[in-house]
Amino acid sequence: MSNGGAGRHSSLPGFGLTMGLTLTWLSVIILIPLAGLFLKSFELSLDQFWGILTSRRTLSALKISFGLAFAAAIVNLVMGMIIVWALVRYRFPGRRLFDAIVDILFALPTAVAGVALTSLFAQKGWLGAPLAELGIKVAFTPLGIFVAMIFIGIPFVVRTVQPVLIDLDAEIEEAAASLGANRWHTVSKVILPSLVPALLTGFALAFARAVGEYGSVIFIAGNLPNVSEIAPLLIVIRLSEFRYADATAIAVVMLVASFLIIFAVNRLQRWAQTRIPAHWRLIK
Amino acid sequence: MIEVKNIVKKFGAFAALDHVDLKVANGELVALLGPSGSGKTTLLRIIAGLDWPDAGEVSIDGENALAHGASERHVGFVFQHYALFRHMTVFENVAFGLRVQPRAVRKDEAAIRARVKELLDLVQLDWLSSRYPSQLSGGQRQRIALARALAIEPRILLLDEPFGALDAKVRKELRQWLRSLHHEINVTSIFVTHDQEEALEVANRVVVMDKGRIVQIGTPGDVYDNPATAFVHSFIGESIVLPVEVRDGCVELGGKPLNISADGVTSGASKLFVRRHDMAVGPAGSGAFEGAVRHVRTFGPIQRAEVALSAGEGTTVIEIDAPRDRELQPGDIVSLHPRRYRIFAGQD
Amino acid sequence: MNQPQILITSAREDLRTEPRIIRVVLIAMAVTFLTVFVVLPLVVVFAQAFSKGVFAYFSALSDPEALSAIKLTLMVAAISVGLNLVFGVIAAWAIAKFDFRGKTFLISLIDLPFSVSPVISGLVFVLLFGAQGFWGPWLQANDVHILFAVPGIALATIFVTFPFVARALIPLMQEQGTQEEEAAISLGASGLQTFFRVTLPNIKWGVLYGVLLCNARAMGEFGAVSVVSGHIRGETNTMPLLVEILYNEYQFVAAFAIASLLAMLALITLVAKTILERHLDEGQLPGD
């Protein structure tokens, strides 16, 4: 306990120095640049701000980014749950390999993912060709954006839910089964509710990531204004036109949205911490 | 010599140490005894420089210790959970204090090796020198932690519950070992314990703490025979405790006068403390209490009897230790008289 | 595992699993999904890169533009990993070894870059240093180049990779507590001696872990760097940016050749990460 933060009161040396350096570095790299963004947005009058946001092109871009990210996060929620279930509960050839490669999605540079997905889903691509025969066009359409967003969101759901399912006490299920619940009831009434906080956290993280995603989306998107143009791309376009005000306004909206999501995730995690152990305590 | 004056240490609004004064003379081995949370560790950490008091003074050999940080105080500290460096061998752990000395006074490698060997011999663990801490037993870790602290030739040695994490048998062995070690190296030492038996057996002097204050300082015999407060009496050694009432110098139990002196207490609700073996058993009508023997167990030279005192409304059951010269039987009506006892005012 | 336990386990499995048909369907869905979204993209990168043969692949990589992009990427990664390593360790020391008010808040500030869109991470530096930015006119007057030059690229990369090292270390150091450091101090060690001889050996795998993830992101960052780079050929293009340029010019072999290097970086990172995680788990065994 360092009263008032003075290093003198702790047994270990260096608090003042390291804290000072930390705050300085944090300010220089993160806080001042972010503050600059908000400061810039204050140069706009409310009318101007509103005008930019409600222009057709901006509105479309925001709708596409948020709408498709939401839809992709829902797919991720369902598919993530299925993947986690298969990886944790079943034994099948290649299971450990499939488990390991989920992390590739975190490590693969987004530009690489972008060009790879595009060539995969292009009209002559390995998956694009068969899909084209069914009359489905993925690359260079909003569907392509959707696919890319699923791609970058899926590891967030898998990696937040997986540890929780692994830690879930076998006794819970046995207790439910011994009380006469059939398998469906056990899963839907006992297991899934215990996973809800983790699932929601994974959903929120996937959603936040997809909203801001740029690299893996722009190659496959087609980037047609009002149709397949995402908000981050519009920021880049406005910057290249030196329309800083427009870029700033869009950025502020996106930033505030992601802060809200982060706040929600934090609340979720606190909720999960208080809720799940209590739930287990009842069983044990 | 360690001198602690008027130390106050607060955590938020809570006073962990509340005006503590303590003097430890050169070569003494002092036990700091008290219940959990009484501030023992906090006091030790302040002396070592690992914590800072909000008020008060600490001096070591007449020098203001608060002017120096922990690394300059030359205080050997043995942590409750040993705090051995887990990535270093036993040898390197013990050598650490020698290796980090300023270049000007640092010993050369050969001298360091010799010194470490000497210390490992002292704690009788020379054969473990290339092991890692995770490969040692609890008692061995304890002794290595001690050797490590001694390596810097500390002016004083502080041990925080040195045997706290060990099982009863190992504790007993190490106790005697610590006392003979202290005899051998004779460094001024304070050790913390909440085991009163350990304190009485090992130390020259015992310091009893409660709720951040020192409540008594004395030799083990002193503290045991003349406890300063009701707390000390009940904390050290087992006691029979009876709620009594003092009225005009007369001691009453449940409205019945006991015919013993009030031990300086003038009036009001009080507590009577008697050691089990200080209750003399006599024929009915001869002592302060009357009671019926309920149950007797004998072991060794004594017999332990449960006696139901007939005092006022209801009965109080006490346990006494009597010599076996006169066998007690369940059902006997006996008279009990406290050979030595203490009365402290207040009911808590 | 001994006999009785196997019996118990199988009884438990019976109770805790689904009908065979459901199992097969779920496994098939998971495997198909992961194949489409992970395996195929990786395979397609290498397939495209080598589609015109090994010679074309290596000549694409030895193109001067490619070499300059590789050089720039390595340099920017070295700068940003180096700085974030030093400050990450410093921040972790302050946060994990001391108690102070507002600690959780400080940690969420450090986490901030994780939740900012890469494009915005670049944009903030354009607003500061761009021609119409806060300090743009001054920089121009004094002929200092930050935007569309290495410093800007490095700054954006540092921003994006800011949390990695600190986040890898804080939980580890909090779990290890301050006991060993206190012991070192009381044995006469100075602050630096304590850090280098006691703390650092205990966190070295964590440091490596943070550096590994930080480096993967630093080399692969696209959005933020794209905004501040200016895409000057042979000068301010990092490998991901070059992938974009070549791809947009329909030089697919060259684009995927560079991409294959980045994909290999991801694979190596993954393997190294798995190994490090094993070390980190071992480090948490009772070593007391």
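By letter and in written order, the chains are A, B and C; residue numbering begins at 1 in each of them.
Just so we're on the same page, a contact is a pair of C-beta atoms (placed from the backbone, for glycine too) under 8 Å apart; a residue touches a chain by one contact, two chains touch by 3 or more.
As the structure is a prediction and not an experimental result, all values here were calculated from the model.
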item	value
Central chain of the complex, centres being mean CA coordinates	C
Between B-C and A-B, the pair joined by more C-beta contacts	B-C
Averaged-CA centre spacing for the pair chain C and chain A, given as whole angstrom	16
Chain centre separation in whole Å, for chain B relative to chain A (CA means)	57
Whole-Å gap between the CA centroids of chain B and chain C	54
Shared-contact residues (touching 2 or more other chains) in chain B	49-50, 69-70
For chain C, residues contacting two or more additional chains	182, 185, 190
Contacts with 2+ other chains: residues of chain A	1, 11, 13
Complex contact set, residues of chain B against chain A	11, 45, 49-52, 69-70
List of chain A residues in touch with chain B within their complex	1, 8-9, 11, 13
Chain C contact footprint on chain B (complex, rising order)	48-50, 69-77, 79, 81-88, 96-97, 100-101, 132-134, 141, 148-149, 151-152
Chain C residues within the chain B interface of the complex	179-180, 182-190, 193, 197-198, 201-202, 285-288
In the complex with chain C, residue positions of chain A that touch it	1-2, 5, 7, 10-15, 18-19, 21-22, 25-26, 29-34, 36-37, 39-40, 79, 82-83, 85-87, 89-90, 92, 94, 98, 100-105, 107-117, 119-120, 125-127, 150-151, 154, 170, 173-174, 177, 183, 187, 208, 211-215, 219, 232-233, 235-236, 239, 242, 244, 247-248, 251, 254-255, 258-259, 261-262, 266
